[in-house]
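Before we start, here is the structure in question, set down as structure tokens.
By written order: A, B, C and D. Residues from 1 in each chain.
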Amino acid sequence: MRSPLPFALALAAFAAPGLHADTHRFVPTQFYNTYSFAHPPALRIKPGDRVITTTIDAGGVDRDGKQVAQGPNPQTGPFYVDGAEPGDVLVVRIEKIETNRTTAYSSSLLAPYAVDPASIATRIDRDAKRVTWQIDKAAGVARLTDPDVRPALTLPLRPMLGCVGVAPARKEAISSASPGAFGGNMDYAGLNAGVTVMLPVNEPGALLFVGDGHARQGEGEVVGTGLETSMDVEFTVDLIKKKTASWPRLENETYLMVLGSARPLLQALQHATTEMQRWLVADHGFSERGAASFMGQALEYEVANVVDPNFTVVAKVRKGLLPPR
Amino acid sequence: MRSPLPFALALAAFAAPGLHADTHRFVPTQFYNTYSFAHPPALRIKPGDRVITTTIDAGGVDRDGKQVAQGPNPQTGPFYVDGAEPGDVLVVRIEKIETNRTTAYSSSLLAPYAVDPASIATRIDRDAKRVTWQIDKAAGVARLTDPDVRPALTLPLRPMLGCVGVAPARKEAISSASPGAFGGNMDYAGLNAGVTVMLPVNEPGALLFVGDGHARQGEGEVVGTGLETSMDVEFTVDLIKKKTASWPRLENETYLMVLGSARPLLQALQHATTEMQRWLVADHGFSERGAASFMGQALEYEVANVVDPNFTVVAKVRKGLLPPR
Amino acid sequence: MRSPLPFALALAAFAAPGLHADTHRFVPTQFYNTYSFAHPPALRIKPGDRVITTTIDAGGVDRDGKQVAQGPNPQTGPFYVDGAEPGDVLVVRIEKIETNRTTAYSSSLLAPYAVDPASIATRIDRDAKRVTWQIDKAAGVARLTDPDVRPALTLPLRPMLGCVGVAPARKEAISSASPGAFGGNMDYAGLNAGVTVMLPVNEPGALLFVGDGHARQGEGEVVGTGLETSMDVEFTVDLIKKKTASWPRLENETYLMVLGSARPLLQALQHATTEMQRWLVADHGFSERGAASFMGQALEYEVANVVDPNFTVVAKVRKGLLPPR
Amino acid sequence: MRSPLPFALALAAFAAPGLHADTHRFVPTQFYNTYSFAHPPALRIKPGDRVITTTIDAGGVDRDGKQVAQGPNPQTGPFYVDGAEPGDVLVVRIEKIETNRTTAYSSSLLAPYAVDPASIATRIDRDAKRVTWQIDKAAGVARLTDPDVRPALTLPLRPMLGCVGVAPARKEAISSASPGAFGGNMDYAGLNAGVTVMLPVNEPGALLFVGDGHARQGEGEVVGTGLETSMDVEFTVDLIKKKTASWPRLENETYLMVLGSARPLLQALQHATTEMQRWLVADHGFSERGAASFMGQALEYEVANVVDPNFTVVAKVRKGLLPPR
């Protein structure tokens, strides 16, 4: 009944991959704990290219259970995207995120800022010890059986990447524990296969990093971890030249999304909300008051994390509710 | 495969309505702008009873377009529930919320605390003027056509009550603009027909108030209003004797929910998260560490409002993910 | 070199006490735990009058060590000020605050929101037990000798009132634990004898309450109490008719002060800062940009409390830095 | 009557300067906009040495009015301190901060986060334009005469450094606009000559940076700038080996101070408060409960800034109130 600009066409409009697009199989051997312009490119790719690679877990352990780097969140990359310049937007379509080993770990206490501080003083459990989950890909679930964790838990897999980021602005080097306007450790449970991530480019080549796979994660990441594990990852990249985006924008079949990251939590929400209004006005035919009136009655939010150095809030608009163009 | 305690049975466990339950048709003639122990009961009801009544809109206008009270959020009630005493939990099952006139109003600017403050200085639109939506119950939508709001908007109806509350603790009288541990103006878009609301009882008879119907509302209520209109409302009440609940708990077919209200936004989330853990431990068979481990990987959040004197965050657990008992 | 409007003259300008001013010796027999329009006046006074009275401690214990009311912060009053109407400002000059017994109590742990939440988990001391201080008026100090408190402490007396408030707006009844635009439990260590407190009038007669004396208190009240004790109190009242004040304003020989109360802490600071700018523009000859430029280089802050339901921040301007008029 | 460890002796205890101490006259030619381990040392110095140098203003203009670097806050340094290793504390005694030109600039509007957001929408002045102050060192004042700023302003000079920092932990490179655990752009009006700054060492040599001199600044830096100007600066350095400090500690003749930096404002206060308790317990003979009891009745706070990427709060203890050892 309505026809917003079809998603596939929208992507096709700003790039012409296909003919010369390459597929790269990249085996990472070095990992980084900061997002920084200063790291040498691990691989040069161009708009339209596909990368098939892997990520290790947040603690630096790979698919074989081997410690190959130090935490937190050692990153695969950086990928240098030819033609990317400050003022562009890098488009990363996540084609695949799949667990590649049979275990994941999580913490087992609610994190300090996620709960009433007075409740911390009266806890029975005081050790945020790691517990190990079994990943059963055939059944599509992760299971936790641990004498201290009652009852035993079985939860569906929903693989995601905690970290997708580029080199930050202002020549800053930011810990891979932190999210920001450059992406980074947003820890958003909805960053799954099928999502397109749009990030502002701050440095030539953008310098794309990925890492911190979770077999599953609740909103807020309130124990401070998802189900931390190693992943097989595939993504394609593209560029939108001379395009302003102040915060990471995501899109899937159902939603337009903006991820704001800051402390306090309200400020993360303010960033996401403000940027969503800008997006609706710039690209979706809304007047400022039109976008506000629409958002007032149609906006959704997710709380991605309340445990990282910056918290992350997702402002979401259901594409099916957008007025026809 | 799994069988959590069926919802219907759970309710049956703490009351035996039916035999002597009455249905009350209550036509409100007086409305209140505070939640307070000091207001005289408008109607006495007992556990198991059903109330069929109406609410007027947030500005005090009724179904006939007549100003019958002053804003904000004039309340229908209070309903005195026989047998309710401090230390009990009042259970209010919302049976029906239906718009009963053809218009609703909303504000049309993003509220000050919902956006980056720097963005306020550069706004084109500066007047948060009311706009009028047409409610088309047959089509199940609300429509907004206003020259300043581009494009025209059509959104599905999703009727809700902004306010469900009881007399607060400590003999406080709290404005009907505010949410809190007593419920009140939580402005939660998911407070629809089919939801059961559980509220701590602070005063004899609980003193239940309802009001502030919205034909629809986005998460956060970021323009400061939903689609404000008058409603036909039905609910049944019940009691859980000698039961501790520190914050409003909601339940529907799909979710267990806790609504924390406070400023800052993080504190609202902390209240909701902490109370959800208490609930899982007390009533759902979890150890403290079990609840934390589960919540870390399964919790969901909604941001009910970021515009009221207290903000409201909803912590949610999908009942289908609860381990079998 | 400069001559701002002398403080004494400024007060003289809006009232003409003296000729008919009365002095009331008021012995309280009933105490209140809410600020509310609903409490019957304890005494009617008129602008220019002086009241000599007493306050009991935050837990309801009087000068004789007798429990005569319940906490928190049972209030002396309310005093009905003839002629006070909504839209006026009530002026309360604190003439005297003096301890009238030999002991005070305090809590002995840092309050949950005053410290890093992670530090709560690693505390040695877990019981916020009351400790008793000896008040030595002759020496002008309070002393604490307790085996758990090392070393013994001796601190100068600096008597203050935690609570000075009027009936709130919107017919709310607010706990005497809370501060707000109506004053209340601001817990400001600088609310000493010699300070003039200006409060917005919300109800006929204003309904002034006082209570919660502290023999001394640190900024922030980070243990959740001052040195809680009973007091001999004297104050005079006056009115400024048809005067807007959104937040409590204080003045002493040295400073103009505004007390903003809210959560989060930043919002309390925002209220105080915004109101100070309004005050400088309205009464002190500043343009908006002039007030901003002055405040940028001359403003001071105190953190009154970070433990009450609302936190309180004091924005201060040194009168000696104000430009000559 | 009491004798805490004299300040001079305390410093003497951890270093033995004098015999081999050098005085370095350092003329900076390169300036940095990040705190980072990656910048090459500008000068190697050793504990006990004195450095006589200059800083340029926050916009990169030097004493001669010449633009020699880009903002924000271009830093003089880094100074590599021989022997400094991670786990040590670097001690920087500020011997002199003196303005060296006749003008300073400031912004002239209250910053977005410093005021009620609703007040931004109703401002008369909307352009945060720079205004120029005249520095009169002979009279000890700065004067502002600008047609838009009424009335004209004259304020005493109180020279300070907005920035004193070392290379951050975790190989991060942080903008010179930001404060943190490493010091940086704390914008504390009390960082004057006579203050000793103690900073945790994260990298070999510590890598000390200084910059962002203000001829004067109000608490909060609520217009987003102090009186920004170039400075003549002298400091001496020392080391405390194997000493834990989680946040910058300052000391002068009157106060012990801790500067916590974070958003939200409360978190900055929490860091400062928690670290002050640690300091009192570790170095000043307090039990945990003793430190809490003392802080509850004796702590003071300053709000250094509410405009930088992190806000800064100062927790202060008057040394004259410390119990005798």
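Please note the rule applied: a residue touches a chain if its C-beta (ideal position, glycine included) is under 8 Å from a C-beta of that chain, and two chains touch if they have at least 3 such contacts.
Here the structure is a predicted model, which means the values were calculated and not measured.
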| item | value |
| --- | --- |
| If a chain touches subunit A and subunit D alike, it appears here | B, C |
| Contact-richer chain pair (by C-beta pairs counted) among A-C and A-B | A-B |
| Distance from subunit C to subunit B - Cα centre to Cα centre, in angstrom | 36 |
| Whole-Å gap between the CA centroids of subunit A and subunit C | 48 |
| Approximate Å spacing (C-alpha centroids) for the pair subunit A, subunit B | 32 |
| In subunit D, residues with contacts to at least two other chains | 113, 116-117, 123, 264 |
| Subunit C residues within the subunit B interface of the complex | 33-34, 36, 38, 170-175, 262-264, 267 |
| Subunit A-touching residues of subunit C, taken from the complex the two chains share | 112-113, 116-118, 120-121, 123, 126, 264, 266 |
| Interface residues, subunit D side, partner subunit C - complex | 106-110, 113-117, 119, 123-125, 131, 142, 144, 146, 148-156, 216-227, 264-266, 269-271, 273-274, 277, 285-290, 292-303, 306, 311, 313, 321, 323 |
